[in-house]
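You will see subunit A twice below: alongside subunit B first, and alongside subunit C after that.
Our next item is the complex of A and B:
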């Protein structure tokens, strides 16, 4: 990995040049409805961006998997149906100031979207996007990225990681895409900068680590063996099944496919965000629902993130951003739930529900 | 063309199987696609009515009959009711084939017992015709099929055809109370019908589809006859949207019905979390 130094001014002029060249630039921006909050948004000039203020309310996934997205247009004609395809090539865009947990979420969803069948809509946007993430310094007590294999300094999914050093940023050029973006920008780094960056990364990591110990590798297997453990019955008592957790989650990617009329003979097929926490998600046409209770639906959420996805793709489907805990109207707290389950999994002898 | 975009198909024939169950015979609009299209018995597809949505059914016709596919459905929800309103010549969308299939190659040279209840005959019918079209490659073929009542039996003309064939042993049954004065088949539930029809598990595979309650009470009968769990095949039908392993709803624990299924052995089913 190569490195470069950017002064604050140097970074600003890079963003300004991108905007001048009509490149879409997405950055954290103070929310209009609540200036204390931050959202990822398209920006028109670099002054709009608020880097390193706090974790954006929603993750980056909406820029790759929009909450509602057209899959095709159809038109009924006198002789049949005509389909108009939607483009799978997206305009180039650069995301500045992403938090490593949000970017890691995209990398996790990549694996599902490329699982035997390649989702060109997702990858069209992924390939057109260059991601510059910032060393996270906006963690709070709800964050637990270091427990799930990520971290405030993680580079998974990022093309560039910027780490603040004296007078500006040290840029880790993670991918060739990142190198291309910064090709004609930046200054050489010296050892002092590298040491400062390293210290900042360790310090950031140390702020998150106490929140939740690293999830042991055996946890996934324990969950799979304890599908019928009595703990599931009580774990979700405070869950309303609203699905807010899934909306704000950087890795939740479940969707519904529905048709919508736009006139008598024309319309669209859409995919919309969906959540495994709602009852209709799995209800059969007959009325039978394999996950008929909220405890079964919450079990699915935990099993999927910490056992099912890991069994398929070798990593946890959670980046520890903590948004589900912040969004939950019932006060469900994922790190608490996980800690409770991990403790159960480590209790001897193993209590098996099967 | 993105992976969610269906091919266009035309309805060539409509057959009413029962008062609420209908079979559509579909042909690809694009004739080159029709020639390329290949599938195996047991695979499924996403069928759509434009403006209404998509619905998941197995392909009910056998791969040995090229040039068309058939689907059988009960008008239950929004899409199936809309499908029912369509006529011959109308256009539907089709994505597929998806999922795994019945192991026909493994079954070759052996006997097969087919057991189905109600509309569960649809996926089994694809295998039955596949096997009958290659009849000399299989040993004894037994079909046990039942429904709640005589009126609920599907593919009635084909049942007559199978009844007349010397190379097929057919047992038809209806639940007690579902018979008519003319009914010549058994008046019994499927587990009893299987007990009375099937005498050996030797060198035999079982293929079983139907309501969960039927499968639950028939599996012990098959086991008593000596069928090992890995020679009993069935299909699971969970709610799906994409059929491609992405929309996240058809899984039973770590097993995705759309990718790992829909065909499973009884031995595999026993190992699954009991959430289906």
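Our next item is the complex of A and C:
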């Protein structure tokens, strides 16, 4: 990996140049409805951005999988049905100031979107996007990225990682896309900068590590074997099944596909965010729901993130951002739940032969 | 042991109820608690962080709670209106729930903070509260704290909206509702949204498109707030649940004010008082129906 140094001014000039070149730039911006909060938004000039203030309220996924998007237009004609698919090529865009947990979320969803079917809309946007993330220093007591294999300094999914050093940032050029973006920018680094950056990265990691111990590898198997454990009955008592957790989650990616008429003979096929936390998600046409209570729906959330996805892709479908806990009106807290389940999984050794 | 804890312990140990739904200290401030053993009753707390309306958990279709058995529920005077609403609308039977009503001096907007009640931090719904001493209860508990400060934020917002031209208001709500992602978290967190099948989920015909489009978002929120007319208890759980931070309480408050003006009715904590939607009066002049 190569490295470069950017002064604050140097970074501003880069963003300004991108905007002048009509590149879409997305950055954390103070929320209009609550100046204490931050949202990822398209910016018009670099002054709008608020880097490193706090974790944005929503993750980056809406820029790749919008809450609702048109897949195709259809029109009934005298001879049949005309289908017009939407373009899968997206305009170039750069995301500045992403948190490593959000970028790791995109990398996790990549695997699903390229699993049994390659989702061209998702990858059209992914390929058109260059991501510059920042070393996270906005963690709070609800963050647990280090427990799920990520970290405030993680580079998974990022093209560039910026780490604050004296007078500016040290840039880790993670991918060739990142190198291309910064090709004609930046200054050489020296050993002192590298040491400062390394210290900042370790310090950031140390801040979040105590929040939740690393989830043991055996946990996925324990979950799979304990689908009918009585703990599920009482784990989700306070859960409303509102799905706010899934909306703000960087890795929840489920969607529903609907056809909607726009006139007598024309319409659109859309896909809309969906969530396993709602009853309708699994309700059959007959009216039967195999996940009939919130206990079962919440179990699905935990099983998918910590057992089903790991069994397919070898890692956890959670990046430890803690947004689900912050968004929950019922006071559900994922790190607490996971800690409780991990403790249970380690409480008594399973009898051999079972 | 507090009066609340003692009452809960007694109800559980005597077998009057199988679960006490109350508040406890959680990892992020106060959270709902489901106490099933007398020995755990000392977990129960009640203070200014107890924002949540626990009546929501009495919905018989919350199977995970219903399976615990007969419940006692801790309510504030305002939350008692939701219990009354559920009794009035035959969702629960009065004799089948034990109401532990707390005398209340106002709550914060956010159950995670532990700040003083000020005009900025107190919930907008606490101003002018008439039920600090709840009227619907089996056990009335706690000392009556002083009146809370008044947060005028929402009153000012509504006044500002009413001063706008209709096209300005349209612009305001179009912008707000453009953020709606149709997750229906507002509905799920609402104690008075207990329909077996929501209109938004009916597909034959599809009254409201499930996609988040300007038209469907408007239709959804308008439908929901109209179905809440005279029923909404203004607990603002919808607003707390909304992951997009849409000020849904403004819509609900506006409709509640209209109901009050037209029918001299506010969501009552007396389950025997019928709501306007449930009565037919020959002297109703219906002057606004043209």
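Quick notes on this one:
Here is the rule we use: the second predicted complex is superposed on the first by the 348 of 354 C-alpha atoms of A that agree within 3 Å, B and C clash if a C-alpha of one lies under 4 Å from a C-alpha of the other, contacts with A are read in each partner's own complex, and residues count from 1 in each chain.
Heads up, the rule we're going with is that a residue touches a chain if its C-beta (ideal position, glycine included) is under 8 Å from a C-beta of that chain, and two chains touch if they have at least 3 such contacts.
Bear in mind the structure is a predicted one, so any value in this text is a computation, not a measurement.
With subunit A as the common reference, subunit B sits beside subunit C without any clash. Contacts of A:88 after superposition: subunit B is touched, whereas subunit C is not reached. Within the superposed three-chain model, A:45 lies out of touch with both subunit B and subunit C [touch as defined at top].
Once the two complexes are overlaid on the shared chain, A:7 sits clear of subunit B and of subunit C alike.
Legend: residue contacts after superposition of the two complexes on their common chain; A:183 is shown touching neither subunit B nor subunit C. Of the two partner chains placed by superposition, only subunit C is touched by A:236; subunit B is not. Contact with both subunit B and subunit C is seen for A:258 once the two complexes are overlaid on the shared chain. Of the two partner chains placed by the overlay, only subunit B lies in contact with A:74; subunit C stays clear of it.
In the superposition on chain A, A:120 makes contact with subunit B only, not with subunit C. Taken over all C-alpha pairs, subunit B and subunit C come no nearer than 6 Å in the superposed arrangement. Residues common to the contacts of subunit A with subunit B and with subunit C across the two structures: 256, 258, 260.
Within the complex formed with subunit A, the subunit B residues making contact are 1-6, 8, 10, 29, 48-54, 74, 76-77, 80, 91, 93, 237-239, 241-242, 244-249, 251-254, 259, 273-276. Of all the residues in subunit A, the ones that touch subunit B in their complex are 71-72, 74, 76, 80-81, 83, 85-86, 88, 112-113, 115-121, 224, 227-228, 253-261, 267, 269, 271, 274, 276, 281-286, 290-291, 296, 300, 303-304, 307-308, 311-312. Interface of subunit A with subunit C (complex): residues 31, 33-34, 37, 57-58, 67-68, 141-142, 233-234, 236-244, 246-248, 256, 258, 260, 270, 272-273, 275, 278, 280, 292-295, 325-327, 329-331, 333, 335-336. Those residues of subunit C that touch subunit A in the complex are listed here as 26-34, 52, 56-57, 62-65, 67-68, 111, 181-189, 201, 206, 209-213, 237, 240-245, 247.
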